[in-house]
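Following this message is one structure expressed as structure tokens.
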Amino acid sequence: MLDHMGYECVIRGGRVVTDGAVIEADIAISEGRIAALGQGLRGAEEIAAGGLIVTPGGVDPHCHIEQMSGMGLMNADSFETATRSAAMGGTTSVISFAAQARGQRLAEALADYAARARRGAAVDHAFHILLSDPGVPDFEADLRALIAAGHRSVKIFTTYAIKLEDAAILEILRITAAAGAIACVHAENDAIIAAARARLLAEGRDRPRDHAASRPPEAEIEAVARICRLAENARAPVMIFHVSTAGALAEIAAARRRGAPVWAETCPHYLFQTAEVLDRPGMEGAKWMCSPPQRGLDDQRALWAGLAAGDLQIVSSDHAPYRADETGKFVHGPRPPFPAIANGMPGLEVRLPLMFEAMAAGGRLGLSAFARIVSAAPAEIFGLPRKGRILPGHDADLVLWDPARVHVYGADDLHDNVGYNPWEGHRVRGWPVMVLLRGAPVMREGSYLGTPGAGRWLHRAALGADPADLTGAAR
Amino acid sequence: MLDHMGYECVIRGGRVVTDGAVIEADIAISEGRIAALGQGLRGAEEIAAGGLIVTPGGVDPHCHIEQMSGMGLMNADSFETATRSAAMGGTTSVISFAAQARGQRLAEALADYAARARRGAAVDHAFHILLSDPGVPDFEADLRALIAAGHRSVKIFTTYAIKLEDAAILEILRITAAAGAIACVHAENDAIIAAARARLLAEGRDRPRDHAASRPPEAEIEAVARICRLAENARAPVMIFHVSTAGALAEIAAARRRGAPVWAETCPHYLFQTAEVLDRPGMEGAKWMCSPPQRGLDDQRALWAGLAAGDLQIVSSDHAPYRADETGKFVHGPRPPFPAIANGMPGLEVRLPLMFEAMAAGGRLGLSAFARIVSAAPAEIFGLPRKGRILPGHDADLVLWDPARVHVYGADDLHDNVGYNPWEGHRVRGWPVMVLLRGAPVMREGSYLGTPGAGRWLHRAALGADPADLTGAAR
Amino acid sequence: MLDHMGYECVIRGGRVVTDGAVIEADIAISEGRIAALGQGLRGAEEIAAGGLIVTPGGVDPHCHIEQMSGMGLMNADSFETATRSAAMGGTTSVISFAAQARGQRLAEALADYAARARRGAAVDHAFHILLSDPGVPDFEADLRALIAAGHRSVKIFTTYAIKLEDAAILEILRITAAAGAIACVHAENDAIIAAARARLLAEGRDRPRDHAASRPPEAEIEAVARICRLAENARAPVMIFHVSTAGALAEIAAARRRGAPVWAETCPHYLFQTAEVLDRPGMEGAKWMCSPPQRGLDDQRALWAGLAAGDLQIVSSDHAPYRADETGKFVHGPRPPFPAIANGMPGLEVRLPLMFEAMAAGGRLGLSAFARIVSAAPAEIFGLPRKGRILPGHDADLVLWDPARVHVYGADDLHDNVGYNPWEGHRVRGWPVMVLLRGAPVMREGSYLGTPGAGRWLHRAALGADPADLTGAAR
Amino acid sequence: MLDHMGYECVIRGGRVVTDGAVIEADIAISEGRIAALGQGLRGAEEIAAGGLIVTPGGVDPHCHIEQMSGMGLMNADSFETATRSAAMGGTTSVISFAAQARGQRLAEALADYAARARRGAAVDHAFHILLSDPGVPDFEADLRALIAAGHRSVKIFTTYAIKLEDAAILEILRITAAAGAIACVHAENDAIIAAARARLLAEGRDRPRDHAASRPPEAEIEAVARICRLAENARAPVMIFHVSTAGALAEIAAARRRGAPVWAETCPHYLFQTAEVLDRPGMEGAKWMCSPPQRGLDDQRALWAGLAAGDLQIVSSDHAPYRADETGKFVHGPRPPFPAIANGMPGLEVRLPLMFEAMAAGGRLGLSAFARIVSAAPAEIFGLPRKGRILPGHDADLVLWDPARVHVYGADDLHDNVGYNPWEGHRVRGWPVMVLLRGAPVMREGSYLGTPGAGRWLHRAALGADPADLTGAAR
């Protein structure tokens, strides 16, 4: 490997960011992996990174791709378009959902999504098995088999039509804990939301802006507290998705201090937006509708404090792409009441630049925390030992950033299939100039170099018996 | 650097533990630093590490060396003996105290300690400036000058004869915050202790076992809560030393969630011992006397949870060496009342093995958390950017562990000058077989290879304006 | 009224305990009510109370009388026997349950229970409408009509076959809040219990002692936290029944500090017993089985602190009478697994003496807190403005206590129809020597003087719009 | 006593408010005490109270009368003017301070204040012994003697020139706990205030509006938390005076839940005003300056919730009268920097009307909570068993309110000697039309009928051994 020319490729002279530190080092790559990290390394090919910052490729563990929504609406992105968008924004691994339809065997659902990803995905990928119907035959055996086959995470809901009741949740947690998987949860209290929605509609309040009031903070707080107790009872690792309120965060912090095996993520739209985005003329607000909704400034502050304190470990995108037209947000007409509007925003491409801006340029928590939060922690918690860090033996998934370059997001500069950019006008300093997936460039200076189907499925080994495996790693 | 023979030295084939991960990699060393981390590295010299675990050398930020106690008693270890003991136990950097005597100019105190360390220290070292008399002339100017000169931490007390009142503490915090230093605090409420002690002595309860009751939990809890408020008020980074109670930990966790710039450590004797160690026949308990005292099992559990949650970042030794004879513990006679017995235990040499046993063999939190807690976090929080991690550019301070080797501590197997071992009989699995300081072995297979005076003083640059510099790094 | 002979009856010379104070005063009674409170009052009849303590008659807002259990088992007490037992122990008002059967109209259920109470009750009484089937026709209209007709409280469950899901609970809370009723809740998470029970039975652990493990603390904590959030969301007054754990109490205290309209009770068996009572030879433990189960000493301590701090307002009996024979506890055979054993214990008769002993003789909180907790607070919270206090205009429901008399409970000294006494051997100091209901003695020196059918139904007016009506009164 | 004409005097037909309830009853008075409470009572004299509300006379346990301030400035009210003002506003008992001068024996201080009160006081009165110098000879013996002689409360400060350090506080708490007294504490951290003040003055911020910033919330929070810990450690009953922040209240609530013997009060200016009152043109703001300063709306909300939850038991006036002229606020010139302006506002006369308006007319907590908070609780906590309630045997201290009468405070309508009214323009509904002290009118329809010297000193017996004596009573 170390012949006279040194390594296949060396990224020379950059400031390299790992989970714990920022160092001056060259990165040597061989056969798609990082072969060495050091000073004065030489390679057959060399990429000059002087003045640049090199971070691990993003790991986005929460995105919806080619998935049918609860409304029966296919979302706007195929694996081809979604992973193109991811790559352009510096994300080289995604975990999307293999959604079980009612009555469907789990293996069948997975096979279907896997086939589509194999054809279309330009970055590496894995699946959370979305469990909507634990009543199908052989459910437990199938789930255990899939976890054993490398799918160590599931997704469940406490709201929407696919919501599960506590008994089903506990039963699933029993299985996932025993089989070594982590359960991701969309935790909002369905009854509180239904009652609030009914009240609003009865009062004629059916505009996008009313969406926020229809999902009050206590809906999230209650469900998060409940899931924490169930996880504690079942000793089952749980990931709380998209925490949006200070109150829910406080429940998570308390549960973690009790020793409950609970982890949590938030998303850029909760860190940088408030519910005011919904309050735009006409139906414009629909473009920003997501669930849970954006909240207030106090919640934003609490979420940042939660990232600093380690109560939140991950920032994901919750990429949920719907066009703002009759194929997406407005499939039920041009002025539907808010419950008929598809929820979700694109986010795969903006997640890293938004967080880089805030954490590096903006100074919040700093560069090594950035690398941990968008790459190392999701890789570790979700079982991707070769992703998320710049260390020998890890995949050479890398992002080269020009820390001085400024970009103001425009309406059309995302590479997904959504057709609008909810971050239009947002200014970031620090911009990715090159992205490598297993050593091969998938983006260079704004040009997309990825290949549909080149992304690999990532086998994720089951957790050992002790959920504390996770604790030390990602806290 | 990379000639045909490769590097000066390569540690080959070990499992390398960094803050965030455990990888299989070779470590190349040149000129005392880590030159590269990678696979298949070659060196002029090679050290076979197959089957071994390689961790960063320990950084012990809390130890008393050649220091006069409050009783006017010189402690038992010189820099020569203390750093020998440190090296034998895998610790390659220590921060001890440069203690200002009443009326003494700070620079003078520092010069004295520095001279002694220069002569005797076999490992790298730095000083916390122990402030006992802020009333000396030019105090502020001197303190600012010393911080600017590379000493970015101070130590203050809220108890003992050298205790400072709130006004003095706030004034010092104003200076340290402005000058870019962190203030370490021994936080126990002096009045509560004095009242408890008086009550006990009045009741004739003057045995070592009564030491615990003389420093009740609320003495620590109150003072820790107060220091957190003062730090918050002054926006001044503070490190709470030797947290021993669940209650004090809860105050720290709450303060951190409010955004207060507060960090905290605990010590092995609080994690593995309870107040029962004081309850031995005759004066035996005196050997385990330290302040704050060991507590109960509930406190132990809380401290471990605090390490897992990140509310505690560091485990230090609080090495405070006194012989159990008339030169130390019993300087005031063979059966003195407890207030006349010197407080403290040796700990420099045992800290790493005890924690390795618990975290690696015992499975608590895991190896990478071990490396963070004993090495990376103290290096980062106290300003040692080249220490505490195994990454290119860092000093080649390394410990090679045989994870299978079992050791039961004996009475005489420590290499300090204390003459007893409070951990006698404690069994650990995992044992250091080699320790390197800047690439040079200081211990190999139980033989001490260090050289008095070979340790270097570590310049520690002042913190930038934002205490959040610390936040991202060490949380 | 005030003729030359003064009042109809005067209780002369006792120490009179009201909610707020203990005074030396005579109590004048006319037409069943307290006509005056003062010194030197004269009556046609006089009862000498020198040396005695006079407290308000007990108000027991939580007892099961002539009610079918979830197992379809009629409990052991008729209104005749239950109210006899109540009167003998100093309780002059009871609120039992009018339990809706599945499919049954509410008015029908109520009419049935009311008729039986009218015939049998020897003390005054009211009903909580137990809602098991909100799906019956005209449910909302019927419930509103009943509340308007004087029944201002309902009871719901989150566990057992009659458990309601969140959506149904929220719908009921919407109705009760609007109509001016308070909802009492048995709050334990059914799924956690079901899972724990299944696990225990699978391990062959089916003895009475295993009952405690089948209802772990987090089952109560979770459900209590959830009900608090639902109450807060619906702005609906809620009473948490039989709080047994420190954790649930902490949730209630936090909710009250957020302003949630939440009140809570505990019971003597949680204050004075631990789960050890279940751990007796053979099937003996079955006699102490109740739900939630008795807990530990830490929980006891927390419950007492909760009474002191006002987080708990009421101590009720949760009288749930089943004979320890084939008609009751052992209806499913002599050695059934614990889930087949009827839950519940007699308590109507012992509640006051147990609490008097602890609070007066034992000194916990004192006499006026005793009167508040067993009489004034339940009267106020549940809408009985003429009960629970010794003030002019109030019903002359009184208990005369000999504070020096000691009683050790025997196996046969209760006057219900249960046939065993779970407090056998328990010693109390302070014993009721006379009990008056609306001025007429129902017990004198251990002789029962009550009359089946003499008890009156108590109309309870709906709450005003503001749940804070309750706040000032009973905190 | 009960001759053919009945009682000496009967207040007929009012709605009578006691701690726990509101009843329709006549109140019979004989020899200055309440002889009976009942219906149809007859008296030689009768006062028609139909349509009126009768509450207990106010007990104001926190007011400064004829007291020298820390600045050496005598405050504006003599006992004659202060108690006139109190009586006009419905307050019939006051506890002011007997302030020890430096070096002065306690008995001497007390004798001096007692003599002046004996001459001037028109309402009943007692003293908190203000301890400023525990170093005088025989301090402990004198203090014990005074407590035994009927003075069961002391006052200490953690700020101002008379501040005591923790050791002195603990020593005093040891004495008060043993002797059966309660210690009232002005708890603000002196060092935090001094540092903030110095910073402000250095920036040229010396206006009344800057007073608020000079006493930041954490100054109060820290000191309150500390006092709670000291009280817990010493098992000594403590009353936290004038709580102004949500944060301090949270510390008190937590301490009470730990079982600490801690009680707390707030004042109308914290419940109804914010720091904006200081922000007026010129020096106007000086009229509203008090310590701690008014805070924000969030704090107001928290304080009301604290009253509802029982964490705060008392609302007192903290009457601290200084004229807004060169004899008072501006003794150091017409435009002094804020530290040179005397702190304090008049409040004795407005406390009851302000609270009646909020609690009765405004609906917060209700009438019986009003009576508890302004009368019953202070009487009970401070040892006045014949004050604060309308019950037989209690002193006939009564206020008759016209609930419909509206009053808008004017500049000149207070009867103290302060010369301005900080509540000018404040509108209240509900107005006292008559005030009786021990049966004799001291105010009728706005006319003052009191007599200087007619007020009696109130002997207050020492507490028993158990601070829980207080717990049940006043929670």
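Letters A, B, C and D mark the chains as written, and numbering starts fresh at 1 in each.
Simple rule for what comes next: a contact is a pair of C-beta atoms (placed from the backbone, for glycine too) under 8 Å apart; a residue touches a chain by one contact, two chains touch by 3 or more.
Remember, it's a predicted structure, so these values are computed and weren't measured experimentally.
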item: Greatest separation from subunit D - chain, by CA centre; value: A
item: Chain centre separation in whole Å, for subunit D relative to subunit B (CA means); value: 51
item: Interchain centroid distance [CA atoms averaged], subunit A/subunit B, Å; value: 39
item: Rounded Å distance, subunit A centre to subunit D centre (Cα mean); value: 57
item: Set of subunit A residues in contact with two or more other chains; value: none
item: Pairwise touch network: line, ring, star, complete, or other; value: ring
item: Inter-chain touch pairs (all); value: A-B, A-C, B-D, C-D
item: Of subunit D, residues touching subunit B in the complex; value: 165-167, 169-171, 174, 189-192, 194-196, 216, 218-219, 221-222, 225-226, 229-230, 232-234
item: Subunit D residues touching subunit C - in the complex, by the definition given at the top; value: 1-2, 6, 18-21, 23-25, 28, 34-42, 253, 256-259, 305, 308-311, 359, 363-370, 372, 376, 380, 385, 389, 391-394, 466, 468-469, 471-473, 475
